Each structure stands twice: as structure tokens, then as C-alpha cells.
Amino acid sequence: MAGYNKKEEHAHAKAELHTHGEEHFREKHLMLDPLPRGQMNDMVMESMMEKPTWRYWLVFATLSVIVAYCLFYKWGVLIMYGQGEAGVMRPDYWGIFLVNTVFWIGISHAGTFISAILRVFRAEFRRPFTRAAELMTTFGLVQAGFSIFMHLGRVWLAYWLMPYANQRMLWPNLHSPLTWDLLAITTYLLSSTMYLFLPLIPDVAMARDRSTGWRKNFYKILALGFRGTEGEWTHLRNAMNIFAFAIIPVMFSVHTIVSWDFAAATRPGWSSTIFGPYFIVGALHSGMGAAAIVLAVIRATMKHMKYFIRGEHFDAIGKLMLIISMAWAYFFFNDYMVQWYGGDKWTQQLLHFHEAGPMGWMWFGMLICNIAVPWAILWNAKWRATPWLIATVGIVINVGMWFERYIIIPVSVTINRMPFTWRLYEPGIEIPMGIGTLALFILLYMAASKLIPLIPVWEVQEGQMAHEFKKFGRETVISVSELE
Amino acid sequence: MADNISSAERSGSVSSAEPSGSVSLLAVFPDLMPAADALDQLRALGLSDDHMNVISGIPVTEAMLGRPSQWTNVPLLAAGGSILGFLAGAFLVFATPNLYPVPIQVGRQAFVPGPPTVVVLFELTMLGMLLSTFLGVFLDSYFPNYRPMEYVKEISDGKIAIFFICPEESRDKFTKAMTALGAEKVEVAEVEHL
Amino acid sequence: MIRPEEIKMSTEETGKWGMVIDQDICTGCQACVAACAMENNISFVGEVDSGYGRSMHWIRIERFWEGEYPEVKMTAQQPMMCQQCGHAPCEPVCPAFATVHSQAEQLNLQVYNRCVGTRYCGNNCPYQVRAFNWRAYKRPEPLSNQFNPDVTVRRMGVMEKCTFCIQRIHKAQDTAKSEGREVVDGEFTTACAQACPATAIVFGRVDHPESLVSQLGQRANGVKHLEELGTLPHVTYFKGG
């Protein structure tokens, strides 16, 4: 054909590839797919204020009934009739209440990981779901707080554990890991709530501008009169930076101190020096799984969320889940190998009891759920980007991690140095109460999804501003500017 | 001046902060570059940085717009809070064991034990730091502030608004200059309930 | 007010009150268990709870055997109660200071009024001798008339354990003081030692070399259980002699 030659064809094809490449990037990456801020605001407001369907109300009502009966009524029974309603006895003085406490604190750590550690490391993919993760932290800590109060013999006197000047001139015992627990968890709860609130202020200001009636009043109060002046942004950004850096050591210290409740004790199997980092990695393991579940549910049930939460985010979370699973396996093996090798007769009995005793199925289940399933599925990039699959792996990991804490607490504590006392723990009222805490967690989340904007739109826009396409030689690459 | 505007408004007398015969205008820009150009233009027209403020829906740094750096007390308050937290922890660890008629002995541990001291001091220092950082935002930004303020709803839609005070007689000149540089609207800044 | 320097740390103490238990002559009759329960107002827990590990006994007789049926051989009975450790692992872990070390008596005290029921002390005791009030156990009539007025009745949610009959210690010391003398060895003893028909339990001052418990403690085959944990228990056991 006249005028048509190889060179033109080549150039034409390359031009197509170029635009197709960019389009492909735009589809995959939220940061490269900017929409006008007004439109994004609209989407977030719509997904929040969308009239709840009958399905929503059905789930809400069911959860409310479960919370009322399993959590509050049963707790009343527990307080009335004593810890005998639970399954605890000699030698298992601690049972599922402690398992649930560690479990919920573990889940809360992933929220901080996503909103603080990923911010410090400038992982841009975190932008749309930091708030969803922080909500997980706050609500998880509420459940952890409930669970720890549930196990107290005289919970109405729990205020004695606080340091306050009193007529008896008594202060709490600072030698005790439980006192450190109290200080650490209080610090963490307050810090993560404040860290949830600070980036929320500009978004509730946006919601205030776009709503009427009771919602407008509600957001107006929450927004504190925020406008977006230079001063306000400077103070806010400064504070958020301080929080992001400071809350990381707090997060590490909290779960380490929780692990010291066990590691500081003289029990075989508990007195292990590796518990600190082992528990932190375990917390991240279960927390990442929970984050995947939460994001998958949000994406599936709320309008417009498919724009904000994409396969790339599940891919990133899936990669984190795989790495953390490997780290967990490393720490588990460390703990196990050193105990196995040591030859201490009580520890040998304990390890044998773990694997071959009546709860052996749980021990093996833990390993399958925490190691085998993640390693089998998460290596595949396509699978990682599939929300429901990652959420399922998340559920499996959470089951496995709950098993792990059950093995560490009630099962390990059965084997001590006084064989006459060895007896297996049988859960009692802890089961419905634990289910109650799970129902309350979901309930709080459902309420929050209708009350506050779940996506930090200003952070998403900030990220989108920083991303652009750049040509490196013949290739089009993504370039991220550091705007701070 | 960013906070001087709000303090003037809080005292309820906006005009007392401005020379008589001046008016406060709000120019709304859709993007970063026009806003930066507009600020240069305002400076060229004789306004000092003190009489301008930028209100935006995303945190544009002062450097992006050629604005002087904004001072913030938040890091100072954070440092102060961490000291207070440390002192609270030090009281618990060092003072309380000595408050009893007979010091309480538990196990083989000293009355002021080493590792627990580290833990308690660390936790309370961090608590002090983070609480005071949070309070610092409130104090520095004069939150909560529910009085009527100058604001337009477009700002939370990502627009960049420049709030400036200019003499009444040159109002048209300034308005034309802003519109020429791409302002979507230039209006008198009405104080309104947010 | 006593200054910290004046306190003798438990590393320096030899212990004041102690016991010697001869496992070879213990018959396992559980008279000590019954006597302790009567002396210290211990609750009746019932068959179900007791079978589930919730018995409130402050002293228990541990029975072991060797071999498979029918070639089963009984080994020595092991009365186990609070060892009143010099370095008690239960003490540092209570967040409310409900279990502390007594300087005067060099015993491990349990302060019922302060206990919030976290049960960390129960977990941390290597001898597993602590009993928790899992329920509000009622004394059926007319056994409620049997309460010992010298001993508190504990309520639900509180931890308790053997106190070496501290009420008897104090009573003897008060009597001796009012008569202007020291307590004589053998003047009083704990409920369990008093009830034992085989005299397997001997109680007294381990820091006075002329007391019976000190002299018995000199015997060669005395062991302290779980000594390797560094708990410094005040009870010496004889076995296989």
C-alpha cells in the first residue's frame, strides 16, 4: 500500500501499546485513576448514606440479639454466679477469656500496621483503607477490653488496678505484667482512637458540607470547625506524623507486654524468651487476615467501593499475609525447636501433649491454617487479587491463630510440674460470650459504616496528585512524587 | 496570620483586625498552579503575606504555593507531654513504693525493680506524648470552633481558596486580577455557620 | 515508718516457720485435709465441681502409683500445701498487691480484701496449691455453726491458700507476749500437724536449731520439691528413707 510501511506500522502499534498500557495501569491502580474530588466525595457520601437494605437490617437485628443475649445477659450470669460458670479450674486458671483478649488485641495490631507502618514506609497502596483498618483497631480493642474484664473474679473492683490516690493509700503493683498490660492497653486504645480521629477530621468536614438534618449536626460537632486553613493542615499533618512514628513502638510494646503475661510465668511452655516477637508476628498474621475480610465485605456490600478498593489492594495484603505467615512459621519453629531440643522433662511432656493429646487436632489444625493454606494460595498473583479468595484465606488464618492462642493458654497450662493436678480444660460460658464479642465487633463496624465516611478521600486525592506516568526510554512507568 | 484570622473572628469583631475601609475576599481556584500564580499576583499588587491565607481540601504544603512556612507548636507540646508522662511514670515507679509504712516485698524482686521500671516509664512517656500531641492540635487550631467562619463548601471538593484582605476601593482591581488568573469565583467572604 | 534498707530481703532470710513432712509414714488418711477444712472455714464445693479441679482444699494428698494393672505398686503419698516460698513466684505477679511477703512471720500472705480475682498467682505457683472461690459456695445448715471465728470467711471471686494457720501463730504469740515470754516449741501447731495420726507433719521454728522441726530437718534424705526453681520453699519432705 502506498504510504504504508513497516516503520509506520511499528510506530502505530507502539502508540496503541502505549495508550493501552496506560489504560491498563489506570484500571488496575487507584492512584493512577483520578476522578474529580467532588465526584469522589459524592461516591463516599452516597455509599455511607445509602438507605440500608432489608438485608442490612436483618443482619443488624440478628447481631443485636446475639450481643444482648450472648454478651450482656451471659455476662450478668457470670458476675452473678462467679467464674465457676466458665470452664476454668486448677490448673487452668486462665481460659478462653484470655484467648479472646489476645486474639482481639492481635487483630487490632493490623490496623496500626496499615495506618502507621505503611504510612511511615510510604506504601501508597494503603491510602484508601487506612480508616477501615483503624476502625478494626479501635473496635478490636473494645472487645479485648471486654474479654479481659470478663475473666476477673471480682470485676466490680477492677478500678483497684488503676493508679489513683485512695484512702487506703494503696497503689497497683508495678512488678506485675498485668499492671503493665493495663498501662500499655490504655495507652494503645487512647492513641489509636486519637489516630483514627485526626485524619477523620477533614473527611467529616466534607461530610458536614454535604449533608443536612441530624447528620449535618453530627458531622458539624465532630469536625470541630475545621476549614482547611494552612494552620489547621500544618498542625494536623504534624500531629499525624508524630502519631505515625510514635504509635509503632507503642504497638510493639503492647503485644510484647501481653506476651509477657505468659512469658514471665514459671510454667513449662510459657517461660519462653521468644514470646515477645512471636506474639507480635502472630498479631499481624491474624490482623492482616481480618483486614482482608473487612475489605472484601466492604467492597462487596457498599456502593462505589469497587472504585476505591481494587484487586491491587488485595494483592498487596496477600503479599503481606504471605510474608507474615513465613515469619510466624519461623518464630513458631524457633519456639518449638528450642523446647524440643532442651530435654526438660516437663517441656517434653507438654510438647507430647500438644501433638498427641486430646487437643492434638487443634495443634495440627493451627499449622495447616497458619502455614499450609497461606503458602498454598498466596504465591499466585492472580489469586491474591481475588477479594473473596483472600478473605477466605483470612478467615482460615484467623481460625488458625485462635487455635494457636488456645494451644498456648488452656492447653499448655494443663501440663505443669505437679502431675496430680493435670486436667483438661472444658469451656463453659466463655463460648457464648466470645461469640457475643465477635457479634459486637461486626455490629459496631456496621454502624460506623453508616455514620462516618470509610474512605479517607483527602488522602486518596493527595496520593493521586503524587502519581503520574513517566517515560523511561521507551517504557511508560509509574512515578510517585514525595509531596510531604 | 493564618490563626490571627480565626482569633479575630472569635473575638467577634472581624473589622477590628483590618484597617477600616477594607474588605475580605475569597477567591476559589480549581488547581495548584493558578493558585500559586494568584498568590504571586497578590504580592505584586501590594498585599503582604500576613493578609493572605490559603484554605484547601487537601494539605498543599506552603512551599508548593510559595507561602512562608507555618509555625506549629505541636512538636513542642508533644515533647512537653512526653516529659509529663515520664514524670508520672517516675512517680509511680520511684515514689509509690516508699509511700507505705512497711515497704511491700513481693518475691525476690527489689522494691524498685529494674525491667518493670523501663516498661512503666516507656508506656507513660508515650501516653503523655500522644495525648499532648492530640491536645496540641486542638489548642493550636483553636478547636472546637463552632462560630461562623469564612468558608465555601467548594473547598472540601478539592478547590484551593485564597482568603485575602484588600482595601475597599481596589476591590474591583483585585477581583479582575484573580479572575484573569483562573479563579472560579471571587466573592466577599461571608461568615457563615459551617 | 520502716525504711527499705531496714527490710531483710528474702535472700537473706533463713525462714522462720517451716514444716517437715515424712512421706514414708504418711498413710494417706486425709485427716489433715479434714482438719484444715474445719480450722480454716473452707467451703464445700460439691462432687461435680470437685471432680473438675475446683476443690478448695488448702492441703491435698497426692497419690501416685507405678506399673500397669494388675502389677500396680503404690508410691509414697505426698501431702502438698503452700510451701510459703522465700522467693514466691506468686507474689510479684498480683497487680493488686493481694499476695505479699510478710516480714515479721516470713510467710506468704494472701490478702482477701484486696484480691480482684485475676488468678495470675494461681497460674504462677509451681506447686499449684492456690484455691479460687469459683462460686459463692454455701455452707449447708447446721454446718454453718462450725465456722472458726478466728478465720475470715472468703467470698466469691477471691483466691485463698494455706497460711500455716497464721491465726494460731498469732494467738500463741499474743499469749506468750502477755505472759512476758517467748513461744515454746510445741506450744501450738497447725491444724494439719495436730490432726495427723502418724505424726507425719511436724511444724515449728526452722530458725531455732533446738526445735523439733529443725532437728528433723537435719536428716540426710530431706528434699524440697521443685527446689531447682529457686523458690526457697519452707517445707522439707522425706521420701524413700
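Which chain is which? They are A, B and C, in the order written, and residues in each are numbered from 1.
As a working rule, contacts are C-beta pairs under 8 Å (C-beta built on N, C-alpha and C of every residue); 3 or more make two chains touch, one makes a residue touch a chain.
What you see is a predicted model, and the numbers here were worked out from it, not measured in a lab.
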Checklist entry - If you take the mean of the Cα atoms for each chain, which one ends up farthest from chain A? => result C
Checklist outcome for this item: A student comparing B-C to A-C should find more C-beta pairs in contact for A-C
Item to check | Rounded Å distance, chain A centre to chain B centre (Cα mean) | outcome: 31
Checklist entry - Hey, how far is the Cα centre of chain B from the one of chain C, in Å? => result 64
Checklist entry - Measuring from the mean C-alpha position of chain A to the mean C-alpha position of chain C, what distance in angstrom results? => result 46
Next on the checklist: For chain C, give me the residues that contact two or more of the other chains.
Outcome noted: 89, 92, 94, 97
Item to check | Residues of chain A whose C-beta touches two or more other chains | outcome: 173, 175, 179
Next on the checklist: Among all residues of chain B, which ones touch two or more of the remaining chains?
Outcome noted: 104, 106-107, 109, 113
Next on the checklist: Quick check on the complex: what are the chain A residues that touch chain B?
Outcome noted: 36-38, 41, 163, 169, 171, 173-175, 179-180, 183-184, 186-187, 190-191, 194, 197-198, 202, 205-206, 208-210, 220-221, 223-239, 242-243, 246-247, 249-250, 253, 257, 458, 461-462, 465, 483-484
Checklist entry - Can you list the chain B residues touching chain C in their complex? => result 97-98, 101-111, 113
Item to check | Of all residues in chain A, those that touch chain C in their complex | outcome: 81-84, 88-94, 151-155, 157-158, 160-161, 170, 172-173, 175-179, 182, 261, 264-267, 413, 416-421, 423, 426
Checklist entry - Taking the complex as given, what residues does chain B use to touch chain A? => result 2-3, 5-6, 53-62, 64, 67, 70, 72-75, 78, 92-93, 96, 99-100, 104, 106-107, 109, 113, 116-117, 119-120, 122-124, 126-127, 129-131, 133-134, 136-138, 140-147, 149-151, 153, 155-158, 194
Item to check | Partner chain B, residues of chain C touching it in the complex | outcome: 1-4, 7, 9-11, 86-92, 94, 97, 99-101, 103, 230
